Structure formats: structure tokens, C-alpha cells
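Down below are the structures I want you to see.
In the two assemblies presented below, subunit A is common to both, partnered first by subunit B and then by subunit C.
Our next item is the complex of A and B:
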């Protein structure tokens, strides 16, 4: 057995891989650049396996660190790696479409970066999972966002892709502005950028005679600005205006990456950023109230606006807003005690893992079908069961899981979320949640009825590459397996210690 | 000059930038307003750094380091952003937001 790796080695390998791919691409003579995606899948797979053999960060004083490698961080790193691997499978499948919409003098020119940038994005997501200092949070968030600007606008001959890119650019930069200004205010009041240090100094400032004793408005202003900016990243209403347009216009693999990777990383940052504040009686309830409002709005807006959509990508965009709502319900149900923090984190992590499987499955099937039907409206899925029973079954499982049918990963995720909400007596949110789950059944089952009960306009069978077929099969098995045996993931998550968090620090100070 | 003067100036810059993003109709102008918002944050960070003196009598340099990172990230953002806007202009011959409405609610 070799000695366990220092956890940051994982990011270093991924980052080196991204830079290597960019360099190697400029010397490659081959017209087909999909070897870059295949190479990155292999390397990312090795890093994924290696992530189970790291030393963690026992003994590190996190109040002086930028980087934490606790179990939760490692779990989110694995989610990022898995997402990137599946996105690369989709990107290989998407290569033909991509080549059509890139202005180039010879075939294959200009497609290389499409396979290299997701790897760099993955490194950014992994850093975000570990960031415990506003400085690292900001830089890694921007690494992810700026790579996404390029990827969204990648198909320069298709005006919808460019338009989506510009919209994402403007609203992404706006949210960066809010984030930076919010960080500024939190720093100005506490004199710290490290979340653990902020947690240490805040109780003294709020106590009698402290700087913040009379008025907490400036601090709340800073926190709200940061929350607004993270609301953009996780696609929560009312900061969701960019989501439908960008999801519809972006290349399909990138839409999938955005909806899973960007959301997962946004949530781990959200969980970490609110930790120094939820334990404080003067500020905690206000932050939680704001999150509960965001959760309710996202649930209602996402699920109701998804119902009349005819384009599948656009429908999944609205459904992604709705899922951000369920996740926010779990975050808003974090109580000030350590055990409730642990339970909410487990609910969020499990939900995101299930969401990853089912969303990537639906986008993967969509990529294959859209390649053949030249469109991603729901009518293009008419009669898919006759053209390719395997693809139709994959889509069926992912839609059932997104809707939350028992024995799928999606059901157990929703169950954990509602359990957390019941414990914290958020009965209004539960009411909204139940109504929106019912609304969800309507629009997810519409896709299923199109596939199984409509006549196909085009009878030709759909051909699938072996790698794609394998990935779809693995995702289907994953969804069903974690739906029936959720304990396998839950045990891993429950072993994540909550001792090394800002809240634990505050509790020990009392 | 107290801390409040600097914060007022930076708040004003941030508000002007935000209002510009909401009201202006040319993408290049909107992009300039976004940069204004980032620079508002830089100004207040430097001000906070000078007025948050550490026990040793030095300014709190954490903030000034953060400023350098913000400047670098903003430069990267402008490089990518202007490239996307140029590509859009080539395709559409316009940088007016009202003309960019193929994707609709």
C-alpha cells in the first residue's frame, strides 16, 4: 500500500491534465480531437479512485488555512470528477454537432478546447468544494464561471449559443460584483476573510460593548449580497432569469455540466458560508428566513413554469430551478446545533448525488436523440420506445427519478429533504413542496407519454456508441441501486465529522 | 477623510454601476458598468485595509491581496467577455440588447 496522498494532489493532477491537454492539442495533427476527451476520462477516473485513498486534513488548524479536505469536501470532489467524466462522454457524442457550428478552415479545427476546458472547470469545482476562505472561494468560483462563459458561447455559428453566452456573461459578471462587494463588507466588519476566523471573532463583536452590538445591518447587508450571488450560481428564484435561456442555448453537454456541476459547487459554498452565522441568535434566524423564502419561490417558480414548456432542454432548466428549491429547503432546515447541521448536510449531499445521476442520464439520452432527430423539443422524442427501447428506458428511469417515484434515488433524496423540514417545523415549505412534487409528475410524465404512446415521425432506429451505451447503463443501475440501498451513500456521508466546522468552533468557545 | 467618506464613494460607484447594468441598452456599456461594480469593491477593500490596523500597527494586508486577485480575475473576465461580444457582433451586426431576443420566455 502506498502512503495516502495529500488531498490537494488531486486538484494538482486535474489542473496539470487540463494544461497538458491545451498544449498537446496545438501539436496534434489528427482531425478528430475526441482522443482528448477519452484521455481525460481515463485520468479523471484514476483521480476518482485515488480520492478514496487520501490522508484528509487531520491536525490542520483551519482558521489559518485556505483549504479544507474533510469528508464532505472529498464527497463533492468526487461528484465533480464523476460529472466531468460523464460530460466528456456526452461531448464525444456531441462532436458531430459541434463541428457543424464552428467556423473553421479545415475539419476538426477549433474543437479541441471543448474537451480541455471542462477539465479546468472540474479543477475549479474541486477547489470550491474545499474552500474555507473567501479568497479561495472567489478565485475558484471565477475559474469555474469564466470557463463556462467560453463553453456556453462555444458554437459561434449558431446565434442561440452566442446569445446564451452573452446573457450568461452579463448576469454571471453581475453576480461576481455582488459577491465581491458582499465579501468586502464582511471583511470590513470582521477584519477576516477566513470563515473559521470570522466564526471566532463574531460572538465577541455581537456581545455587549462589541462593534456590532447596536446594529447588525452592515453585516447582514454583506451576507445578503453574498447570498444573492450564490443564488445566481445555484439557479434559485428570484435570481433565475438567466437559467432558461442559457440552458436552451448552450451546447447540450455544457447544459448538463452547468445544471449539475455548477449547482453542486454552489451548494457546498453556500453550506460553508452560512456556517459562521447560523449559530448566532442575532443573525442566524434572519439568514435562515431569507433562505426559506428563496426555497419557496424556487419551488413554485421552477415547477409551475416547467409545465407549459415544449422544449425538453428548457423544461429541464425550469425543473433545475425547482430542484434548487428542494435543496434550499434542506439548507434552510439547518438548526443551530451540530446534529441538525449534520442531517441537513447529509440531505443536501444525497440529493445532489441522486440529482447528478438522473440529470446526466436525461441529458445523455437527449444528446443521442437530438443528434438523430436534429432537435430537442419533446415532439422529437415521439415514439422513441419503437426506435430505441434502451434509450427510452433510460429516459423513463431518469424522468421517474426526477419526479420522485419510490425505489429511485430521487425519491429518497426528497424524503431526506422533507424529513429535515419536518424536524425544523417548516410546514409552509412542506406544503409548497408537496404541491410542486405533484406539478412535477405532470411535466415529467409528458415526456414518458411522448416516448411510449406517440407514433414516431421517423422510424429509423437510433445507433449508440458502446461507451455511451455503457455509461447510460451504469447511470440507470446507479439510480435504482441508490434508490433501493440508500444506506451505501448515507454511511459514507454520516462518517463526515461535523466537529471541524465553524459552528463547532463557536460552541466550544462558549 | 474618514472611513465613511471612502465607503460613501465606493457605495456610489457600486450603485452607478448597478443602475447602468439595469438601464443601459448597449452591451459594451453594460460591461463597463460591471467593471465599475468590481472597482467599487476594490476601493472599499483598500479603505477597510487602511482603517483596520492590526495590533502591530500595520494595515490589514489580507484585503490588499484580495484586491490584486480581483483585478486579475476582472482582467480575465474582460478578455473572455469582449471576445464573446465581438463574436456576437460579427454574427448579428449589433450590440443592442433589444436585438438579442431569439431565446424568449
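Our next item is the complex of A and C:
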């Protein structure tokens, strides 16, 4: 057994891999660039396995650190690695479509970065999972966002992809501005960028005679600005305007990456950023109230607007807003105590793990089907059960899991979310949830009804690559396995539920 | 043993999906299920009562969540009902023209879901197994249904999803209402906690209301019933039999098993609401049934209407009433399944099942005429069938409820419900007259009785109904100790 790795080695390996791929691509003569994706899947798989054997936070004073490697952080790193691996599988499958929309003299030219940039994004996501300082949060967020700017607009001959790129660029830059401005306010008031230090100094500033005692408005202003920016990243209403067009226009693997990776990293940052504030009676309830409003709006907007969509990618875009709403319900159901914080953390993490599996599964099936039917409208799925029972079953499981049927991972996620909401007596949010869950059933089952009720317009059976077939099978099994045995994930999360909490917060919450 | 009852249909369903001969596997699984549930019934030690055949596998130890199977008399009766109806439903399934394997797999999934819900003594699996049946129903109605099948499939699925979700919230609320130290998903432990009165009375009203509405939507409680008639009318025959006969009993079973015993103060607090709504079930839906012009719609509405009696027994909250309700669940399941099975045969000749297209069929179809008559009498509640003995228990129970309610509300509701018997007589006899009596229509020369092997399932259902009708002692004695254990001391 080798000695445990220092956790940051994981990011270093991923970053080096990304840079190596970019360099190697320029010297490679091969026309088919998909070897890059295969290589990165192997390396990321090794890093994934290695992440179970790291030294964690031993001996680190988090109030002086940028980087925390607690259990939650490692969990989200694993999510990022897994997502990237599956996105690369999807990218291989998508290669044919990609080549059609890139101006080039020979096939395969100019597609190299499409396989290299996701690796860099993955490194950014992994840094985000560990960031406990606003500076690292900002830098890693930018690493993620900038690589996404390129990836979203990758299909240069397709106008929708370019449109998506422009929209994402403008709104992403705007949200970055909000983030920096918010950080400035918080830094200006507290003199700190480290979340733990902020948690340590805030109680003194709010106490009698402190500079924030009379008015907390400046601090709240800063927090709200940061929340607005994170709202963009996690695609929560009312900051969701970019989502449908960008999701629809971007290459499908990138859409999947955006909707899973970007959301997961956004939520871990959100959980960390609100931690210094929830224990403070003057500020905590207001922040929670704002989050509850975001949750309610996202639930309603995402789920209701998904209902009339005829394009599957667009529908999943709206449903992704809806899922941000469910996740926000869990975050907003954090009470001012350590145990509720731990429970919300577990609910969000579990939900995201399930969301990862089911969303990637649906996008993977969509990539294969869209390749054959030349389109990703719901009608292109008509009669899929006849053309390929395997793909139809995969899509069936992913839709059921997204709708939250028991014995799928999606059900436990919803269960944990609403258990937290019931515990905190958020009955308005629950009432909204009742409506949106029913709406969800409608639009997810529409896909199922297309696949099983309708007759296919095109009878040719769909061929699937072995790697894709294996990945789809693994995702199906994963969704069902975690739907029946959630304890495997829950134990991973519960082994150190408090460790990631700022120390100062632990004292102030007692 | 209980594992087998759940996993045989489940495995058979997967086998069928993967290409095993569909009809044969389904029949074998259904027959095996019936044999095992009969065996369980006879090896159940009635002298000891309580839960037997327990098996438990931990799933999330931290929440005390486990895959816990166990059965008492009530569960066993429901399991027997499930397997009887499944066997009959699979047996009478006509030739499936398209995607036979998915059809039978869906039926088996519904069976596994119902059996799992009745055998699980853990809140999570109790809930989850019921949901397992949701999507197969959606596919069955949408793919193989008749008439407005797509609209009906959407309606039932969205309604039931909504009901299930409210139910889930109610269960979580119930869980949170328990004192912090004793929270558990274990329904056997919950039952013991219930007799110790651990949930403060003040915090019982909200969870009970949520459970009542959640279960109520699944049971087609008035005014949440509108999904049921259309869905049963358009569903393929076996699906209608399984859903109306078995699956809908899940909600009633949940009320008896969970809502009323755990939250007695809540039940008492909301008794006026339940009484009002169940009168709606019996009278309003009953009158709507009379107005129907098609056999499938009549049967669909009648199955909604009869829920009113069962609600009445549950609302009475005493040993006589709840026992009556439990036996009535069994009896109603069998009689409605038999009626749907026969309607399925008639549909071969008259796709719309409109009364005006039929008439005088007693002559070409003597067997069906006799069997339909018997099932109709059972459904009305004539002596000789289990429906009669159980309805009597319900009415006696409801006339003298367990607690003193506001003046005469129970007696009033019982009086209304008694009129339901007259209403059912009206629509059932009218249906019988329209189909089997009168002159033989000219265009109905090719109408024939079902062949002998297809008569067997109907005979099976009716015979069980008559045996339990003439000798209700056996089933009542099986159910009574379980109910006694559930009711507060």
C-alpha cells in the first residue's frame, strides 16, 4: 500500500493531463483525435481510484488555507472526475456530428481541443470543490467558465452554437462581475477573504460596539451579489435566462457537462459560502429567506416551462432549472444548527450524485439517438423501444429517476430534500413542490410515451459502440443500485459531516 | 416465503423482457404466487397471531431503514387477493398483438408492486413498491388501451403521482411527529409505539390530513375520483382487473395499517371530513353510475362508489367496522375483477360496450349471463357472497363508532350509505337487463360464450367469493386479531 497522497496531487495530475493533451494534439499526425478522449478517460479513472487514498486535511489550519480536502470536497472531486469521464465517452460518440460543423479541409482537424478542454474544466471543478477562500473560488470558477466559453461555441458552422456561445459569454462575464463586486464588499467589511476567518471575525463585528452592529445592509448587499453570481452558475431562477438557448445550442456533451459539472461545483461553493453566515441571528434567516425565494422560483419556472417543450435538449434545460430548485430547497432548509447543516449537505450531495447519473445517462442516450435520427426533438424518439430496446430502457430509467420514482437514485435525492423541508416546516415550498413534481411527471413521461406508445418513423435499428454500451449499462445499474442501497453513498458523506464546517462556526452555533 | 411472493413475479417480469416466452412465464409465476400465498395462509399460526414469516435486511442502518417483510392476517388476506386476481388476469389475457413481452412484464410488475406493498413492514418499501406499479399502468393503458386511452393514461398517472407525493410528505411528517429518540421506518415498531400513544394529540392533525388526501387520491376518494372511471374504461382488461381489484386497495390498506392507528386523534379530528366525502362517494358517484350508458364506465364508477363503504368501516374505527372494511376490500377486489373480466369478453363483440349495442345475450351466452348475474349480485351485496357479510359488519360498526362524535353524524352517514345498496341494485340490474335480457338482436348472432378454459378464472373468483360468503368465519377470524392489535386500547 503506497503512502496516502496529498490531495492536491489529484488536481495537479488532471491539470498536467490537460496541458499534455493540448501539446500532444499539436504534434499528433493522426486525423482521428478521439485517442485523446480515451487516454483522458484512463487517466481520470486512475485519479478517481486514487481519490479514495488521500491524506485529507490532516494537520492543516483551515483559517490560513485556500484549499480544504474534507470528505465533502473529495466527494465532489469524484463527481467532477466521473462526469468528465462520461462526457468524454459522449464526446467520442459525438465526433461525427462535431466534424460536420467545423470548417476544415480534412476530417478530424480542429477537433482536438474538444477533448482536451474538458480535462482542464475538470481541474477547475475539482479546485472549486476544495476552495475555502474567495480568491481560490474566483480563480477556479474562471478556469471552469472560460473553458466553457470555448466549448459551448465549438461548432463554428452552426449558428445556434455560436448564439449559445455569445449568450453564455456575455451573461457569464456579467455574473463574474457580480461575484467580484460581492467579494469586494465582503472583503471591505471584514478584511478577510478566507471563509473561516470571516466566520471568526463576524460575530465580533455584529456584537455591541462592532462596526456592523447598527446596520448589516452592506454585508447583506455583498452576500446577495455573491448569491446572484452563484445563481447564474447553478441555473436558478431568476438568473436562468441563458439556460435554454445555451443548452440547446451547445454540443450535446458540453450541455451535459454544463448541467452536471457546473451545477455541482456551483452548489458546493454555495454551501461553503453561506456557512459563515447561517449561524448569525441577524443575517442567517435573511440569507435563508433569499435562498427559499430562489428555490420556489426555480421550481416553478423550470418545471412549468419544461412542459410545452418539444425539443428534448431544451426540455432538459428547463428541467435542470427545476432541479436547481429542488437542491435549493435543501440548502434553504438549513436551520441554525450543526446537525441540520450536515443533513442539508448530505441531501445536496446525494441529490447531485443521483442527478449526475441520470442526467448523463439521458444525454448519452440522446447523443446516440440524435446521431441516427439527425435531431434531438422528442419526436425523434418515437418508437425507440422497437428500434433499440436497450437505449429505450436506458432513457426510461433516467426519466423515471429524474421524475423521482422509488428504486432509483433520484427518489432518495427528492426524499432527502423534502424530508429537510418538512423538518424545517417550509410548507410553502412543499406546496410548490407538489405542483412541480406532478408537472415533472408529465414532461418526463412524455419522452417515455414517445418511446413506447408511438410507432417509429424509421425502422433501422440503432447501432451502439461497445464503450458507449458499457457506459450506458453502468449508469443504469448505478441508478438502480443507489436507489436501493443509498447507504453506500450516505456513509461516504456521513463519515465526517462536520469536518468541512468552519471551526469558528462550530463555536458560534452551539 | 414472502420474498418469493414478491420476487417470483419480479424475476419473471425481467425474464419476459429478456425474451422468455411471455404468456407461459407469466402464467407460471402467477400460479406459483397463488400456491405460495395459499401455503402461507395455511401455515400461518392463527393461535399466535401477530406478524409471522419475518425477514429483514438492513438498508440504511442509521435511519433504521430496512427491507423488512412480515405478514399478519390482514397482509395475508391482501396477498391472497393479489395473487388470485393476478392469476385470473393473466389467464384471461387475450392474444396480445404487439409487444407481448412488455405487456406481460407490465402485469407482473404491477403484481410485484402490490405484493411488495402488502408484505413490506417498512414505510419506505411499503411506499416504494406501490410506486413500482405506476409506470406499468401508464404503459399498459397507453399502448394497449381502447377509446381515449392516451388521455386516460395521462390522467391516472398524473393523479396517482400527485397522490403519492402528498402521501410521501405525509409519511415524512408522521415520521417527524414521532419523538426524536424513537423515530423509525419499521411499521411493526410503529404499531407498538401507537399503542403507547407516543405522538402528542396536537401534532396528529396535519399528518393525518396529508395521509388522508394522499391515500384518498390513490383510492379515488370523492372528489379526487375522476381518474378512475376513465382509466378503468380504457385500460386493457387485465390491467383494469389488477388496478381496480388490487392496487387501489393499497390506499385503504395504508389507512387501516398506518393513518388511523398511529394518528387516532387526527382521525377523530378529521372524521367529519371523511364522513362527508364518503357520502359523496356513495351518493354522488352512485348517481353518476346510474347515468352511465356503457358497461365499462358503469363498472369504473361502481368501483369508485364502493370505496365509500370501505371508508365508512375505517371511519368507524372500531373492531367490527374495520374488520368489515378489511373483508370488504377482499370481496370487492374479487367481484370487480370478475366483472371486468366478463366485460373484457363482451368487448370482443362490442368494442364500445355501449348498452344499446347489446341485448338478449342470455340466450347465446348462458354461462356469461349466469356468472355476470352472480357477480352483479355480489357487487350489490346480496347474501351468499362475501360482500354481504362484510357490508353488514361495516354498517353495524359505523352505527356505533369507537368514540362519541358530534350528534348523529355517523348514524346519518350510515343511513346515506345504506341507500347506496339501492343505488347499486339500480345500476347493476339495469346493466344486466340491457345486456342479457330482452329480444336477441339480429346482428348479434355470432356472440358466443367464452371457451371453457377462459371460464375458469371467472369461476375461480366467484367461487372464492361464495366460499367466503357462506363461511365468513374463516377470513374474519384471520383478520380480526390483526385489526385488534392496530386499534388503540
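As a working rule, the second predicted complex is superposed on the first by the 500 of 510 C-alpha atoms of A that agree within 3 Å, B and C clash if a C-alpha of one lies under 4 Å from a C-alpha of the other, contacts with A are read in each partner's own complex, and residues count from 1 in each chain.
Keep in mind that, in the parts below, a contact is a pair of C-beta atoms (placed from the backbone, for glycine too) under 8 Å apart; a residue touches a chain by one contact, two chains touch by 3 or more.
Predicted model only: the values in this text are computed from it and were never measured.
Chemist: In the superposition on subunit A, see if there is space for subunit B and subunit C together, and answer fit or clash.
Modeler: Overlaying the two structures gives subunit B and subunit C room side by side.
Chemist: Quick one: classify A:13 as touching subunit B (first), subunit C (second), both or neither.
Modeler: neither
Chemist: Angle at the Cα centre of subunit A spanned by the Cα centres of subunit C and subunit B: state it in steps of 10 degrees.
Modeler: For this superposition the angle at subunit A equals 140 degrees.
Chemist: Who does A:437 touch here: subunit B (first), subunit C (second), both, or neither?
Modeler: second
Chemist: Output check: A:423 vs subunit B and subunit C. Expected answer is one of first, second, both, neither. What do you get?
Modeler: second
Chemist: Which of the two, subunit B or subunit C, is in touch with more residues of subunit A?
Modeler: Ranking subunit B and subunit C by residues of subunit A touched puts B first.
Chemist: Which of the two partners, first being subunit B and second being subunit C, lies in contact with A:485: first, second, both, or neither?
Modeler: In the superposition, A:485 contacts subunit C only.
Chemist: Should A:39 be classified as contacting the first partner (subunit B), the second (subunit C), both, or neither?
Modeler: A:39: touches no partner chain.
Chemist: Which of the two partners, first being subunit B and second being subunit C, lies in contact with A:191: first, second, both, or neither?
Modeler: Once the two structures are laid over each other on A, A:191 reaches subunit B alone.
Chemist: Quick check on the superposed model: minimum Cα to Cα separation from subunit B to subunit C, whole Å please.
Modeler: Result, nearest C-alpha distance in the overlay: 26 Å.
Chemist: Following superposition on chain A, which residues of subunit A contact subunit B and also contact subunit C?
Modeler: None.
Chemist: Contact residues on subunit C for subunit A in the complex?
Modeler: 59-62, 99, 102, 124, 127-129, 131-132, 134-135, 138-139, 142-143, 150, 153-154, 157-158, 161-162, 165-166, 168-169, 172-173, 175-176
Chemist: Could you pull out which subunit B residues touch subunit A in their complex?
Modeler: Of all residues in subunit B, those touching subunit A are 7, 14, 17-18, 21, 27, 30-31, 34, 37-38, 40-41, 44-45, 48, 52, 60, 62-63, 65-66, 69-70, 73, 76-77, 80-81, 84-85, 87-88, 91-92, 100, 102-103, 105.
Chemist: Considering the complex alone, what residue numbers of subunit A touch subunit C?
Modeler: For this pair, the touching residues of subunit A are 385-386, 396, 400, 403, 405-407, 411, 415, 418-419, 422-423, 430, 433-434, 437-438, 441-442, 445, 448-449, 452-453, 484-487, 490, 494.
Chemist: Taking the touch rule as given, give the residues of subunit A at its contact with subunit B in the complex, in rising order.
Modeler: 134-135, 138-139, 142, 146, 149-150, 153, 156-157, 159-160, 162-167, 169-170, 173-174, 176-178, 180-181, 183-185, 187-188, 191-193, 244-245, 248-249
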